[in-house]
Each structure stands twice: as C-alpha cells, then as structure tokens.
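Following are the structures in question.
The two complexes that follow have chain A in common; it is paired with chain B in the first and with chain C in the second.
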Partner chain A sequence: MATTTLERTNTDSLIGRRIPKLDAPDKASGRTRYLHDINIPGQLHAKILRSSQVHARIVSIDVEAARRVPGVHAVITAADVPWQRPIGVTKDHLPLKSDIVRSRRDEIAAVAADTVEAADEALRLIRVTYEPLPVVATSAEALAPGAPLLHGEDLRAPGRGGALEVVHPASKDNVAMVHEYRQGDVAQGERDSAVVVEDVFWLHYVTHCCMGVSGVIAEFDPSGNLLLYSNTQVPFLHKREFAELLGIDPGRIRIIQPPIGGGFGSKLDIYPFEPIAIFLAKLTRRPVKLVFSREEEFIASPTRQPVLLKLRSGCDSAGRLTFRSVETLHDNGAYTSWGATTPFVMMQTISSLYRVPHCHYRTRAVYTNNPYAGSFRGYGNLQATFAVEAHMDKLADALGMDPLEFRLQNAQDPGETTPQGMHFRSCGFKDCLRTAAERSDYRAKRRANLAHWNDGNPIKRGIGIASMLHVGGGAKMYPSDGCGTIIKLDDFAKVTLITGASEIGQGSETVLAQLTCEELGLPIDAVTVVNNDTAITPWDVGVHASRTTFIGGNSAIGAARKAKRKILEAAAPTAGLAADELDLHGGSIVVKATGERVQDLGKFLRSLHFAEKADLVMTTYYYEPPSVHLDRQYRGDVSAAYSWATQVAEVEVDTETGVVRLLKITAAHDVGRVLNRLGIEGQIEGGIVMGQGYALTEDLLVEGGVIKNPNFRDYKLITAPEVPDVDVSFIETFDGEGPQGAKGVGEAPAICIAAAVANAIYNATGTRIYALPFTPEKVYRALRGKSTAPTWPESAA
Partner chain B sequence: MTEIRDYVAPRSLADALRVLASGPATVLAGGTDLMPQSRAGRVRFAPTLLNVQGIDELRGVARDPGGVQIGALTTITSLLEDPLIRDRAPVLRTACDHFASSQIRNAATLGGNICNASPAGDTLVPLLVLGASVVLASAGPEGIVKRRLPLAEFLVGPGRTARRTDELLVAVQAPLPPAGWVDRYLKFGARPALDISAIALAVGGTLREGRLEDARIAFGAVAPTAIRASEAERVLSEGPLDRARIDRAVEAADATIRPISDVRASDWYRRELVHNLLRRVLNDVCDA
Partner chain C sequence: MSAMLEIEFRLNGVVQRTAVAADMSALEMLRDVLGLTGTKYGCGEGECGACTITVDGRTVNSCLMFAVDCNGREVQTIEGLSATPLGERLNHSLVAHGAVQCGFCTPGFMMQAQQVLAEHPHASREEIQRGLEGNLCRCTGYRKIIDAVEAVAHPTASAE
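Here is the complex of A and B:
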C-alpha cells in the first residue's frame, strides 16, 4: 500500500491509523445477534406464496384448506387487506396481488403460524388458478408494437378518506420512466470529430447475495403503534413510507435495526414482504417474523439494473473528446424500484468523468415480466463506466495514441465545473491515473502483450486501465441530505455517540467513533455508538451514495466540537486561561501551546456535574452538506465532494478454454484522506472482489422471466482462490469540506473493474467483448468468432 | 418432502443389510448431495432413512491382493491425505483436491459420490481410469453376499446405478498402476473452487519407449454417465504417441461423447473443451 500524505505533526492522532472495526470481534466469533437471531415472545412465523406463473391473470385463490392447518393464525390474500396501498418508487406495486401477477416473484398470499413448518404446510395447501398471459421477456419485446401492456390499467387504492383513488395511472406503453440530458450540440461534436466509434453493450443481471437473507419482525402495541425490526438502510425515510402505507402518523412508527448482514444498496426500498409482515401482525395482533430462504432471496430480491446501452463517441485528431451520445434501455422488470433512477449517476460519468463538450443521454426504463431492479453499490456507474472506458481505449487505438496519454489529456483537473454543474473542488484524477499506471508498469506491459497476439502460445497476458468518478460527499436527492448527531459525556469521560447514520457493515461506527475521539482527545474505546433506533437517533437520510463517512462524519465532528467548546469554556476560569488556549488531549484538559496537563477530563466533568450550577455535557448537531438539487435539466452540484479512482487489471486468458484469470489489480483511489487505514483497505478490497464477480463469474440467468440459477451452486460468487493480488494507493487530496479531509469511498472500488478487465482481455487477445460477464464460454465463443455482439433493437429505434 | 417413517443408524454392516432387505430405504452417508437435493425436491425419501455413518468397518484405505480397497465411507479428505493414494494413484488424489470445498470434503464420502452417479461426479473419472470396481453387499440366507462390478457397468445413467435396492455399496476396489504409469486429471469449471465440472477428464497409461501402453481416457459431464473413451484409447495404444496420433485420438473421443446443454455449458462448448483439453493433456504426456 502506498500513500501520498502530509507529514503528521500530531503522532497521537487517530486519523490514518489501522483501527479494527468495533463490531468485528462479535461478528468473527458468532456473537452478533442479527435479525434472524431475534425472537419476540408470542411471535408468529410468516411465509409468502409467490406466483408460479411469469405473467397471468389470477382466476381464483382457495385458502380454505390452508386456514385449517393446526397452528395457522392467518392466511391472507389481497381480499383480506382491501386497504393496502402501493409501494415502490412510482407506487405501481401492491404488496399482495389481486388480479394479475407480472413476475415469478409476485406475492399472492401469506401465512402466519406458530411455526415455520406449519406456515410452509399451509402454503402448500393454497390453490391458485391462473389464466396465462403472454410473457414480455426483454425490453425490446416490451417496446415492440402490440406488446402486452404490463401496467395498462389504472391502479386504484384507497386514499386517506377510504375512497378509491388512482395511485398509478395506466401507461400507454411499457415505458416506466424516461431520463434525458443534453449539453452542447452533439451534431457539432460529430462535425468536430476525426474519429467516431459506436457500439452496443449489454450489462447483465446480478444480485447482491447478502450473507444475511432479508427479514423483518413487525409488532403493534395495544395503542396501535408499530415497532419494526428491520434491515433497512434508510430507517427515517421508511418510517414515513410505512406510515403512508398504513395511513397512520409517522410518529407512531419506530424502526430498530439489528446488525445488518449485508446491504450494498439492496435495502433502500420497501419490498412487499415488509408490508405483508405488517398486515399479518395487524390482523393477528401478534408479533410476526418473516425471514427469506436463500432461494427466495435470489428470486425476490432486487437485481442490479440490466442495461442495453448504445454509445457513440468522438474525438478530434489531437485526441480531445468531442461528443458522447448515449441511449439506454433499462430492463425495469415488472415494477419500478430505484433501478429506474440509475440514470442520475450514469449521466455524471457520461458527461463529467472526462471533459466532453457535447453530450446527449437518454434512458428509457421499460417494464417486462422479469425480476425488478433496485439499487446496488455503484448505482448504474458500473454499466456507464464499462461503455465509456471501452470507448476511451477504442478512440485512443484509432488515433494510435497510448490509452493512458489519451485519458490524461481528457481528464478533469481540480477546480473545474463541468457543463452538468459538478464542481470539483478537490480532484486527484490525474494522480490516480499516473500512480496506477506507474505501479503496474502499464505502458510497457501493454506494448509487450500486443507483441504476443500471434505467437502461437494459447495462454495470453493482458493489461487494461479504467477510471471512475462517483459522488464522495453525499448526493442531494431528497429535501435534505443531512445527518444528525447527539453526543453525551458521562461522569467518567466516556462518550455516547448517538448518530442517525446506520452501520451496514461498511465500518461507519468505527470511523464515526474515531472522528469523535479525535476531537475530544480520547482513546477509541471511550465511545459507545448508538445508531439503530429511530426513537433515539436523530434523522439521517440513510446509507446510500457513499455518504456516511462524509455526512455522518461531519455531523459527529460538529457535535464533538460543540462538546469540546463547552468543556473548554467551562474549564477556562479555573485554569486561568482563555478557552482557545486550552485543548483536550489524552483524556485531559491541557494547555494548547505546551501540552501541559491542567486537569483529568473525567474529574472535570464530575466537578461540572456536581457543582452548584450543575450541568452535563450533551450536544447536538445537524450537518447539511453545501450541495444542491439537480434542476430539471439535470444540472447542479449535487455532491459536496467527488471521488476518483483508476484501476489497472492484469489478466491471463486461456484461448483454448476461454478462462480469464484476474491476476492483479493495481488501484489508485482519491479518497480525500485516509481515516481508518484498515477499514478503507477492507472496503476497497471487498469492492474489487465485488467488481471481479460482476466482470467474470456472477450471472443471474433470467430466461422468459424465470431465474435459472437461484442458488450459490450455479450463481457463482468469487471464491478465495480467485481473489487477485491487490495493490492500492491512496491519493490524499484533503477535501476542504470532508471530515478531516476525507471523501466517500463505499461504492468506488467496485465501479471500474469490469471495464479494466474488458480492456485487458482486448490487450491480451485483440478481441473486444461487449456483453458481460466474461464467463469462459462467452469469451471462448468471442475468440472463435462464434458470438454475436449485442444489437440495438428495431423496436427501440 | 416425503414422509420419513423410520430412521435407522446401525453399527454393523449386517444390520444395515437387514434393513435394506426389509423394504425401501434411502441411504444417508455424508449427506452433502442428499440434503440439498432433498430440500430442493429432487430426491424423494423412501419410508426408511438408513444412516450408515456408524458402520466403522466401511471406512479406510487398505492394500489388498488386487491392489487397493477403499471403504465406501472413506471421506474425500481422508483420500486426499492417504499416502498410498498419493503415491500410487495420484490421479484420484488430484480429483479429490478439486472436489468442492474443505467443509464438503470433510463430510462427503467416496461411496456417496459414486452412488449419486452424477455425470459430473468428481471421483468417477479417475476411478474409471484406474479400472476400479465396486463391491456391493446384500443379506443372503447364509450371511452377507458380496458381488463385484466394474464401475463402468455400475453407472447406468444420470443418478442411476446397477445397485439393487437391497444392496449397499461397501467398497471400491482398484488395481494399483504398474511402474512407468503416468496420469493426468483435469476438471474444468467456471472457477477453481466449489464448482461442478463443465467437463472433467483423466488420462492414464504406461509410458514405454514413446508409446502410451494400456492407455485409458475417461470423461465426466459429456455423457449420461462418466465414461471411458475406448475408441480413443485404442488409437493411442496402437503406436507411438505423437501429434498425429493425438489428433486421431481426439477425433475418436469426439465420436464417443454425447454432451448436452445446461446452465453450466452448451453442448458445442463441451465438445470444444474435450478437443482442446484432451489434446493439451496428451501433448503434456507426450512432452514429459
């Protein structure tokens, strides 16, 4: 690991240290109590009956036999909850389906029983008759003339007053959402171009594969207040949504988040299983626990958005980008979740990763009978970056330029504001490019590999480079992108940090504790973090957009600084010095200039507490980043900071089998500043492996709306022997707004691996593959000229 | 899931055979295939579940007059660690090394892998190359009756074997290869660990004066059972091992296999892999 860093003056600083995650010992030793381990006295176990059809009209549902199973307390269908309201990003989705099922995951009925076995038995006895409807299996089919309309009728649900109202109007076509962005004049860009390339890319289905399967426990108290044990990444947004769903005041909903067994974006939306558990709890007046099986997790979890992407790019003879034109079809699946909004991120990469004067971007998210797509670490950026970085190599090749040189020439610099309105106050992009290229010996290896294309050896080596831009200071998508913190110090100088920022395994708890202790001059073990109960913690928008360290960190620092000011001001009179001449260090109040100890902090706090004018040190802070919402033209400085990275992939390609082995990743990340070195290394290595799975092995096979491999045997995650050598350099740009100069990095490491691997395969073999993933058979077919590249469908013209 | 009425865990082979003789039973050994398959609804349990794990006499590797005898309950991990297998039948050891993951190898048994009769079963291909037989036991009027059957005859189809319902596979018997024996094993899947073969192949024979005598070639996952490629073996045995003969053997192998398309590979790709990898392995033997 290499770091470009400033000399540290304070050797006791916690910043940049290798601090083990606070939750690691419990997790490693199996002590952590996940939602799955929690059982409430009197609870019932719920199970969901899903459609056996991909697209069908429900003719009848017979639940009589199921209701008679001993131990069964409730069997419900849509008819039992006529008051249910729709969920999802466009409210096109009722938790329990009454008339039509639009995908194989669709929920038809649910059971609550004393045991899981009784619930399963009841499910088996429910008889559903269907009248099959034609299946829309691809976005191309969905756009074809005469295609069945998947949401061709008004969706009605009861409003506040109980009367039926249209909650999702009938759509005339299968287009669920459109996003279109323009800058400059693409036609002018074409005229300015010496080289133009155009390709169609297919970015496939993958799913999160959280080790902890989805689950929820719902419980109403006698007054009708709802308590949810939930794995959500956005408790405060969901509190409000659940309230709307139930028609009750949000103040009557409390969400407790037990430790979460993996999020990666999968828990940003409400899915039908959550309202269904709530319905069952309401009807049975018992706590209801609903936990997925692994197969259910594959079938009924959101996927990464599959995208068909047409990209046209140009540059002039001097190697300056002239324009980029992008059209995509997003396969939305049967309902609209966050996947349809990934264009917000994709267009940033299209318009602003490199300097491009003229851009046009258009996405249509299209309804099909496939599993529906949600949000997933990277949020569209893996898909956009894959295409953009393929074209960076192709344009450079066409000009005979070195791909690194071509990228450096078009890369962003600090201080730039892009036509889309993103302002790069800190930007280490060129340092990322140079560092990753130098440490991997990219230039020399690339040239050497080209010389082996026709040498007769079936094993080829390749090296490829790709970069990424992602928000690193939150993303203002909601009215507020803020986070609240409450800090209290007890009589013994122990700190309780109460933060709105959720821990989903990313290490935020540890980093927030570290930032707080850094301000208060305390050791890391002086802190207890409380971050999992909406009745206690202040508001936070949620865990997404790589924002927690940045936003939650600034919030924690703000609260800690207020606590520190209060302490020093109170201590100043007795010390005979001004407050700003004092400091907190090593658990004591000290003289700032000399470090001389004035008083033990605990002792001082006790004297404050038990004095005549008794007081405690308790502070609050709400941090709102200085970012703005996108305007209607998708312009605006949506994040308070932006993160950059370059990754170089080295591969070995066996041309007689198509096997691509990822040998090494050399990565350089502009992270602003390293806060917890151990944590950030782990996060980057984990992200690289996730990107590797996206590039090489993970493939959720969806055929005619049916998932063919809903298990870990056939859905292939990366296993330990495949993990490449990883060399990470941290480029520290000390962002002016970031907490201690840091920027968000959660999503960054997964984003450009596939793009770098694609470029490496080309460097090894001279074959460019336009569809992911690079599984052996697909690569072998491409090498033998036996594959057909993705094409743009006529129906989407 | 089917109702299991009786669960029996005998300590002796005789007791187990009496259970099998008395009516339909599902045999449970390591459970690494049976459990996931039954949960997925692909296996229907018989009314009796017969757990044979307690029958210690079915465990272990021993020399016998015919070569080596391996008890059916020997785990894949034990095979991997056995010095006799390592020194005299390395092709089997290599296959065990590519078998699933450590946890599964600790539980899975050789007998279970054979009786599961998957076309992609990891131990089948090396055992075919070694010329192994299976030993089947049943309860007879005078005590335990045993019969031996070549493995190639035991494997009948995907998931189907020549085992009668009253029989238990108790051991695998294989001759130990002679001096000068060379072998190779290759499992091809999408990843190096925890994978099911897209294809597997093994080659064995005695290298003498440029010829591969008594050549054996076996394939997994390219036919309804793991198979020997006898025509290709004949081609190899007829003369010196050179590039031209290897090409002819590859052609002959191509005529033997009957691959299908499934989630792991298409039939076309499986044929290509057989071509390229058999040629690669034989070239490697030739160059050695």
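Here is the complex of A and C:
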C-alpha cells in the first residue's frame, strides 16, 4: 500500500500502526471458546415455550405431560416463580407471563432437562389454551380512539421489600414514553424561512444478526451465590439488575463474559431468557445452559427501533437553516427496552449536526403487539440522519444551491456550543465534507448524473452525500460513565492489563494493550489483557456509545502512567538523575534526552522486588470523563468529545428492474487520531456494509405482530460479492481529552449510508423514496409513481 | 430417542469410531460427541457457513449433513485445517489483514477459503468473492477477509 512508508517513519511509536488483534489467531483456528462451546459438568439444557398468539389471555397451561418426560428436571411457568420481578428499561415486563401474552415472543413456560432433545420433547407436550385479544399492529392503531390497551392495568410484583406492589403503573393511552425538546421558537423560524419542506419517513425493522446466537449459563453455589456466563455488553450494570431481580446482594453475583460472537448493541438489556435460566438453576440446583436457535434469535432478540418520522425544515434565501420540527412515533413493541430512549441521540442530530436556531423535537414511544426494539449500533442516529440529510438535499435543490455548499454553510465549527449544550472542542466536520467530496469528485459527478435523467438509458448512475455527528467520548447516561484499570508488571517486565472494558470483537483488547505499551515503552506482546470477569475486573459502565477506546483507553493510560512514575522514581537514585529526566523505551529505562539505556526494565523490576524493602509495580486508575448528564430539558454536554463523518455513496440504478447496486463509498471520518489503523479500518468497513444492508437488503417483515422471515434465507444480509469499493480518509483533529487524541468510532460508519444512498438514488433518477429499505420492488414501484409515501396517521395528530 | 448407529470415518487424519443417533447432524456430532467446537452453529439451515467442514475434500454445511453419512468418509474440520501449512498461511493472513473481529464466522471462512484455493490456486478477487458468497460475516464487511485470501492466492503480489 502507498501509505506503508509513511506509517513506518516513526517506528518507535505504536500509535497509528497496523496492529493485528491479539485474539485473532485463536479465533481463526477455532480454539476460542465462546459461550456455546462451554459445558459445565452436571449442566442441564433449558428451552423456552413462547406464545403462539400475538395478543391473548392465557386461560390455562398444562405442564403435567411435560414433567413426565424422562430426563426432565423442571418445567416452570409464572406460577412456579411468584417472586419473579420485572425487567426492562421501565420494568413493564415479567420474564414468565401468567395472564396475558402481548407478542409472539412472549415466554410462557420453560424446561430444564438432561439433553436438548428431552427439553424439546417436553416443550411439545405443554398445552396452553388462549383467549385471543385484538391485535395492535401499528403505532397508529395503538393511538386510535378505543384502541385495546396493552398495559392497561397496573403490573404488580414483589417490590424491594418482597411485598406485592405496583412496579409499573397502567398506561391508559398505550404511550410508553415521551421525549420532547425545544430550542428557540419554531414559529419564528418558520417566519424567517424562504423555503419550507415537510415529509414523513418510515424507518423499518432490522435486527442485529450476531453470528453467535444468544445464550447464557447460570449456576448457583451452595451458599446461593450466582455465577453467570453471559454475553452481556454491560456486566456491571447487569450484575446489579440481576441482584435486584433475585432480591440478593449484588456482591453475590459474578458475571464471566466468554468471547462474544457479535454485540452491536443487542446485549445492553436483560431479556427474559436470562432470568428464566437463573430461575431454572435456582430450582434445580444445577448449572443451566440456555442457547437460542437462529429462528429464536430472529424472534426473541431485539430489533432496531422502527420509526415513523415527520420532519419539517426551513432555510432563508441565503441558505441558512432557520428551523427544524420533528415528530416521531416509535413503535415500542410489547415492552419497553432501550429503543424507546433513542431520542437522546436522535435529537442531537436534529439540533446540532448543523446549526439550527429553532428546533422542536417530540417522540412518543407507543406500545403495540410487535417485537420490541432495543439498542442497535447508531442508536436512533441512522433514522434521524436519514430524514435530516434528505432535507438538506431538498432545501439546497429548492434554492438552486449546490448541496455541498449548502452543507458547508450550515456545518458546525470547532469551539461551538450548540443550543442543546454540546460543546465541540474538536470538530473536523468541514474537513470531512470537503475531503469526501473531493476524493469522490462529488460535484462534477452529481452534475453529470443529472444530465442523464432523460437520456433513455435504463441504467442510471447516482451520487449522494450525507454526514453524521455522534458521541465520541462516552455518553453520560448513568451516574458514572467511567472505567477502571488495574495494571501489574511481573519480574520480567510483562504486563497484565486488567480492564473493566468489554471486548465484543471490536478490538478494544488490542487498542488498550497498545495504549498501555506505548506509555511503558514495551512491545505489544508484553501484555496480557484480562477483561471478562466481574470478580476480577474493575467497574465499567459497558461497551456501548462508541466509548470503549476513549474511556477504557484513558483509564489504561492513567494506570500505565502511574506505573511508569513509580518505576522512574524508584530508578532515579541509582541512575543519578531525577525521575523526570528518565523514560521507558524499548523494554529499558533510558535517559529521556539522549535515549541512552540505563537499565533493562525486567532486571530493574527484579531488583525492586527482591530488595530489602521489597516492592512490586501494581497500579490502579479510574477514569471518569468530564461530561455531564442531560438536564430535564435534554440539555447538556453529555460526551467528552464528538465524532464526525461524511460519506459519499455512488450507486447504479437499473430502472427496468429496480435493482440498486452500491458501487463505492468514499468516507471521511473525524476520529481524533488513528490508534490502530488495522482496527479502525475494520470498524469502518464493517459499519459501512452494515449500513448497506440497512439501506438495501435487510427487512424484518412484521405483519400483524408476526415476523414473516426469521431466517437468513429470507432476511438478506450483504454477502462478499456485493461489497462496494471503499475509500476511507481519516481526519485527525487530535482531541484534547481523547487517549492520544483519539475519539470513538464504533457506531459512526453505519450511520449515514442509507441517507447517502437515498440521495444517490435521487441523483440517479429524480425519484426520492421516503421509506427503507430500497429493495428492487420498492424502487421499481417508486420509479413508476406507484408507491405510497409514508403518511402521518390521523390518530397521532 | 432415535436408534444409535455405529460409524467409522477418518477425522482430521485420525480414524474415529463413534455411535450417533440416526437424526443427529454432523455438526452436533463434531461439537457434542467429539468435542471439536471450532465448527460453529450459526443458523442450522445451511445459510450462514459457520459450520463449514470438508467431506472427501469438498466443503459442506455440517448442519445439513447427517452424522451417519460421515461413515467411511474423510472429514476435515477447522482443527484439522489449522494444523496444515495452508491452514497456517490462511490463519496468518487473516490475522495480519485484520479479517477477524468477533471471530465466530472465521473458522467457516477458513474452511471455505481452502476450498476456493483448491479450485483456483491463483484465484482472482472476483473468484474469491464468489467462492465466499455462502459465508456470512456481520462484523468485517468482508473486504479484509477477501484481501487475506487474495494475499494467500498471490503471495508475491501482496508482499509489503
């Protein structure tokens, strides 16, 4: 590659190099033991009986025949666990349902048996009779007058004291959650506008499709302490939640995370299968393993939040944005998980990606009988960006302005604090815009494509641009957004890095090792990372919000610097120099000014250890980012840094078949600084292709509450032949708070692909499509004026 | 409970004799009876490629093959491939190219890459893409996997 020489000019530093993932050789050779590969002696296998109805009253459950199956240790229903407590973001969800089922995924009974086969046989013998209830299939139906209420009665369960209490009050209007934000005066913005556009967008159901299906192993010791092997992305939060669920001290719960076969946000919440496995382990006093089938994974793991979004935007005649007004209906599904809180991210894009003086944003998350939505890479930002970037093109068009110029004119600059309170200490947005546009030849291609609209050739080319803003320095949603690190050096200058930060395949283990070795002047293979056991690792809020490199990285650097200071202070007397005149480099203590070697580090550590005043080098550090919580008006600088990106999509549209091919993505990402070039390229390429699936092929078909395509044959992930050419530029803004200047990047690359593709299809054909995904059928119909654009329901007026 | 059948076959070069249920898949036998967990369950219906093995030198989805049909055949899993020179080259190349993230699909890609290279020792990029079409990966976006296999197919061209 052309950049190789450049990268190697500074061979002393590990920063910016291509460092292979430390866990990759084991993974590629099949040696890595995922949760699915772990079997505990004496373990039972659990299976869950789910509702066959979308919405129904349970009249009776007969488990007698199931209990008689040889090898079956337990068959449980809600009646067997009267002490069960609710889970979920608003505690509206009991793991085992006793009276009402509200979706096809609902858990009614569970079996623990010696073998999976015996458990399956027992499931088949459980008889449930239902009394059907009317189905609420859309958020519009849920808001209609007289709509059936999904949570119309108080949910009672044992509270903290153990007595029965209302844990979730009745909802009398099917509205699970409301989020509303205002800045300025939208009416004034409207008066200041020369152009106003309004559209309704539909952002569809997709799901994570982690290659490793969900699973858990639960085991109690004789004292009642719980050990969980879990794929969770938030071990310390879940430790506490499971303790509340069981009414025990959190100190009695230990969570081990075996290597995880993909996360992408799907493992941020507790789902019923986890408490159910715990119940079975508690009742049988045996380790219980529960692993999903792929069909179950489609049906019973979360979706991305589907959103109906109405956007009204304006600008003045000079091309300055005047206002934005947004109303959304979030289809919450039957229970409330993190999907309902995606407005926290969506309103940031609405208010602060571009400078907008007046904003109004309102979301109602509405109960339906559909699958329930969780968090998914990007967390609402794909949905918000899709709408905002469509309007950026439409407003520019209405003014006859170049879309790139229009964006540059309204783009944020470094140093700005937005009305929502986000402070952009580093901001490479305009560089992202210019770089992506120049490298893709956006302006010239866009104009050239327009000239082909009516040339008779059925194959059209299009180019589209879209940008994104996302938290890049954590997101303070919990009381602490921090991460702890423990570092120990052994007698041979080998480092054990014990971090709270979870590895889910994204490469945090490697980048944290790299940052540690950079401080200690050691090669990358001098470090062992321990990162998956709450009994060992210090607290971390979890792997989400693109935060791990930033937060875990600063924490690792903090612990490494303390270790370094201790070493240099101890070495100073013998060296006859002050500690700050010394440095660590190449496995040795050296003179900082000259690089002259003073002593081998391992030898020095042994001399420290085996001296009369024996000592070891062991340090700890807790990093808490300098961010704040959102206030009640949704204002506040929630992240210590913000990441930016522009992506340009080039497509080919076959107007005779409706097939859209994604040819190329030219991306420019403000990542603060590149730490591990190999890792960051992997995150970006993977995110782009996930965005491509969201834009073009992935569609979880939910009809009347039933998922019609719970398999990889009918739910189409992108495959190897379909991937676009990719040109990625890194805009290095060296964030002052970031570890070595870096900012978070994990979610960013998936966020604006669909928006850029939509703009590219418009550039190719003159047709704008307001609903995702851009399947051949949808595009074919739209090109012939036969598609119905999404509309705002009367019931939501 | 279905009847148990005794079968004998060669697994990664070693003769194996084992009893399996008539309705057991080759994937279940490898993982649950023989303890070779490098072969992964991803979908159980031949759509994702995570369970790819070779039988008599051809890749198959082990989730779709009955264990009894291994009788008398030559079976190779990721554990066997990893112990070969080609397996080591592929492993090093995937690692060096950053083609592994969560890694759950990677053993299946390794097996399928071996097949692609057996059919096309100097496979073009397009042949590699087509050859890997049946394997799903959710993390990498495939490019680095394709790069890694291409580097093995064309060792001199890609040397840095």
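Rule of thumb we're sticking to: the second predicted complex is superposed on the first by the 784 of 797 C-alpha atoms of A that agree within 3 Å, B and C clash if a C-alpha of one lies under 4 Å from a C-alpha of the other, contacts with A are read in each partner's own complex, and residues count from 1 in each chain.
Keep in mind that, in the parts below, contacts are C-beta pairs under 8 Å (C-beta built on N, C-alpha and C of every residue); 3 or more make two chains touch, one makes a residue touch a chain.
Just so it is clear, the model here is predicted, and its values are computed rather than measured.
Once the two complexes are laid over each other on the shared chain, residue contacts for A:Asn709 go to chain B alone; chain C is not touched. Of the two partner chains placed by superposition, only chain B is touched by A:Thr775; chain C is not.
Of the two partner chains, neither chain B nor chain C is touched by A:Arg68.
Touch criterion met: A:Gly212 reaches chain C, while chain B stays clear of it. In the superposed model, A:Ala720 lies in contact with both chain B and chain C. By the touch criterion stated above, A:Gly687 is placed in contact with chain C alone, chain B being left untouched. Contact with neither chain B nor chain C is seen for A:His629 once the two complexes are overlaid on the shared chain.
Measured by the number of chain A residues touched, the leading partner among chain B and chain C is C. Of the two partner chains placed by the overlay, only chain C lies in contact with A:Arg31; chain B stays clear of it.
Residues 711, 713, 718-721 of chain A lie at the contact with chain B in one complex and at the contact with chain C in the other.
Every residue of chain A that touches chain B in the complex is listed here, in rising order: 458, 656-657, 697, 701, 708-709, 711, 713-714, 716, 718-722, 775-777, 780-781, 784, 786.
Within the complex, the chain B residues that touch chain A are 36, 40, 101, 188, 190-196, 198, 263-266, 268-269, 272-273, 276-277, 280.
Looking at the complex, you find that chain A touches chain C at residues 1, 4, 18, 20-21, 23-34, 36-37, 117, 208-213, 259-264, 293-294, 504-507, 678-679, 681-682, 685-690, 711-713, 717-721, 723, 726. Listing the residues of chain C that touch chain A in their complex gives 1, 31, 36-45, 47-48, 50, 77-79, 82, 87, 90-91, 94-98, 100-107, 110, 126, 128-130, 132-146, 160.
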